[in-house]
């Protein structure tokens, strides 16, 4: 069962609420003898950390991770790795006024329906704060995969403004606050998001994750397909409403010849002349780059009032003050990378189990 | 682990190759005392069965299902339900010429890379024939859900031709060979697909699955989210490259107010004024219709030659004769329904476990 | 979840009732490229088959196994292996008179309490007939383990008569109908069991399973311990009430020095000077022989009348006619071997996953 | 997979080493709206805590548990419950001299074989310290089961001295440092254990766990049998070498009539006239008391020297100083209760899932 765990052999269990004392995760199944310290994890958390530009929530927390088990004298021991981050800037008073109302688009109404109890402090368990632990686990997953597997994410659309793919430059991604791979879109998004933010509104985004260097043969048909696991992993990120592999929904409009990735030989190695498949056939990696995209809806918490109801069954207009990202999709980029890393690490171990090293 | 099983409490394990003696599945966890016989399953298999129009494969098999265990005197006993379908029209000779070559877009190259052995008879395990067992399991899942939960799928796009949603009519879906909900698109698709077929080509499609009557509160955050499980279930269907919930990828272009589904009271019941969320918030069902879409790529097996390689590492042009659907997306509609039914049945049982009945 | 499945990476799912049309299992996760045919499985089924002496049930069935998937051209393909045995001698009329009563010591009363429905034909799902599929799966597990791992079981006690361990001879085990490793006990057991049978009674037994050649390092602490998995596997066999590893319950009476298995070096290899631990320390195999024992209660179905009740809540005396083993423990020996083989195969794959090959 | 987790619907994952900064667990699947605070857990930890008599290790730690998530305003929320205990008295210097040697009977040699790395500080992950988290999780499991289910353990044997069952008195269990249900055995054990301790030796023990008030119908055949899960749970406790249900190994010597638990009607309720079965038939609870026993070997760490080897492959004599229980079986009693509680809570939720509340 998997209420709060994902993966099978590289298995991650997360816990914690946005305004509890701490959040954490347990990574079980990590192979032994891998060098690991907090310094391997912290940089990834720093990329996701809020408060780094005006375009993300102003909640300011160091998000400093501690390894509490599973590492001895600088290497993993094969036992579960426990990671903990203290919540240092909860300010739960900010949320007092929404304790009693349901924010449209937010999970609080359904948690209340499902559990009959609700941790109203900033979203509780459903808060995007939980994704910090995904990023931390992802850093360990990268260790399992090794340096030859490069996993990177970029934003390709914010609201009505999409990038020009012909200008794609991975180096650009780390130079701007949007993880944009297109330098020319940066001022456009800055202006657009500033206006969104000033209007008390929010906006959606699309993120693309690309993996280079993943070995061929990962993925376990029929119900452990690599693309099915990627779909679940990305869809499980807060606010995601769609997932694509390779050319995604565009394939519905293709004919067979348009879709076929022809194969040729380069020496004794099979190469593909295109990658409509996004690196996955029949649920198994081909050795080409693995390409996935996911769409994130606009932040539900915003200053614009929305008709809603409260726990007493009264109709109200909800305005969410607090400190919220105008485009929650931006910080989803490192989360998408982390989920991809975890899925691949899991499948690498699964492949080893059934097929040897 | 889940190589060939899906679901947790309503757990389905399938087995069999397209050209072996039989295919089957084991459904474990089905509640006891539900009326069940082959007559409850067969109609769903008949909807998926090939050979019913010129637009699907001409392979002709009765696909007659037998219940081998788990049912006694007409009711389920709580023990595993074993279902078997004999393969009666294998004609494996048709596939002799492709035993040695890899069909672009098809899984055979990656099975060979992964396993070092390949059942080349019609796709072996990776054949869409496996989906017959999904449909059979889905019929049992419907029993678990009860008559109040209505799960229906329709094609909304074939190649470049999409339906007009304003003409949506569920009754129309069963009157045409395309599961089209729009009577006016039927002649368009007939003409279009006939041309595709005559050209030895194939084409993609998009299917929409809609669930009405599902209770609110299904779904288990964080890693058992209903939408994440739907995404995995639909992505695991052969040839699927994208999955959306509700408005899907369109949300990337929305602002917060455009995306918000306002809530109002109807008597003492919460109602939503729109359904951009597709019936799921925070991974939990809201009680609104659950809406999902998935994109199916064009059939990889076609008469149009594609550059490829063979097992000896020689470059060849592949032409796939056999008997193949020009648009494999058509028969994916009942499969999509079945996967949705299985996911919901699983979550209904999971909800009962944690929250009582 | 694991209602009807066991193992994680070498995963076995069984189905079927004693008097349904057939029984079967699906083995998922078996590595590819292993030579496998029915001829590798049948000999193990033949050892367990009833009707081979007067000391086992007179039900006569060939128990002929068919492989329905997962094997192509004589080797495993990495896809699920489906095995089926037809039930050819059900004679369900024999059981008509017990359809309405509960046999003391038998599962039928609790199945009725749990499920509110009962397949009364010969025990239905709870019948020891299900163990045929364990034996079949065990034969595949042996393939995974390879020829260097030798797994053998022997009866060490029937009723009040225990073997003399100083006469232990593995070759003797296959020469008598009791799997006895002590030739001198055979006539004693023959006379004893004949008397039990004539009296319409039944009797218990203890079985010992010994594994030689298993590699050190198998087992995954803390909750995937090899001994914990063996305990569950053996306890899941019908009628088992106790499981021991190594010296088992005797250790409660030991002092530390009595229990310690001293270690010495033989060349550059660690050797143990005794094996009180039964080859497992901290849940991980040491490389010594793995030794487990399990106790099987007397067959509950017997001619001796026992006070009981029926479904109408009336008090009755139950006499079970049918065809039953006077000592069901005898046929449990090959089942114990098979469960041990499955557990070890699962842990071998788990070890490979986390630690490489 | 289950390296460090157990249970399916009531799922416990533990982490931590004996001499790391802290140990902890995550309990996932706990139903919502149960009253819970640290005060519900601490008393059970206090019963297991070392340093309470001269017969347990002199390590002195408060073992104060903190709830870090999953509880809000005094009730469970349905989200994962994270529990943490700081390690305050590690004194890892005590273990310096054994860092390089393998203690016979202890897991350190196999951890080194398996993982190629070893946390030598006091047993690391294999230390019985981990069982504190089992006890903590067990306290939550009791909440799930409710007050009507009473789970108690008692020691029935230490070394060569067994209790007199005719004097069994549950009240006595909490009045002596041995969890002995027989007042007359207490002075015997005191004298015996004092001698063992002074001799630098250690000794084994047998613990019996009895559950009263558990509902009939718990347990999921065939591979989720209640007794199989109990066997695994108890065998997974450190140093356990045998597990019995009901009359256990004695059944091997019984005839059918001796073993049969006759059934009679009391009003409209079925009652059993004996309980050889230990409350479980066919893997399902009967409603009678559930009775299990497990044997714990003598503490491996002791002052008596034992021939062993070190990491350099040299033969050495090992003497373990540190602070160790002369009879680790004593403190296993509350651990046995806790494991039983967790197994039952898991099966209660599983039963609800398949059968309704």
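Each chain carries a letter (A, B, C and D) given by its place in the written order, and its residues are counted from 1.
Rule of thumb we're sticking to: contacts are C-beta pairs under 8 Å (C-beta built on N, C-alpha and C of every residue); 3 or more make two chains touch, one makes a residue touch a chain.
Small disclaimer: the values here were computed from a predicted structure and weren't measured.
Could you tell me which chains are in contact with chain C and with chain D alike?
A, B
Looking only at C-beta pairs in contact, point me to the busier pair out of A-C and A-D.
Between A-D and A-C, contacts are more numerous in A-D.
Let me have the rounded angstrom distance from the C-alpha centre of chain A over to the C-alpha centre of chain C, please.
About 46 Å, centre to centre.
Averaging over Cα atoms per chain, report the distance between chain A and chain D in Å.
39
Please list all residues of chain C that touch 2 or more other chains.
Touching at least two other chains: 1, 3-5, 8-9, 14, 29, 32, 78-79, 114-115, 125, 221, 350, 354-355.
Which residues, counting only chain A, touch chain C once they are in their complex?
1, 9, 29, 31-32, 78-79, 221, 349-350, 352-357
Could you list, by residue number, the parts of chain B that touch chain A in their complex?
Of all residues in chain B, those touching chain A are 1-6, 8, 14, 102, 104-111, 113-115, 125-126, 130, 157-160, 196, 201-206, 216-217, 219-225, 227-236, 238, 240-265, 268, 270, 273, 276-278, 281-287, 295-300, 302, 304, 306-309, 313-315, 329, 350-351, 355.
Could you please specify the touching residues of chain A with respect to chain D in the complex?
Spelled out, the residues of chain A in touch with chain D are 1, 3-5, 8-9, 11, 13-17, 20-24, 26, 28-29, 32-33, 66, 68-70, 72, 75-82, 114-119, 121, 124-125.
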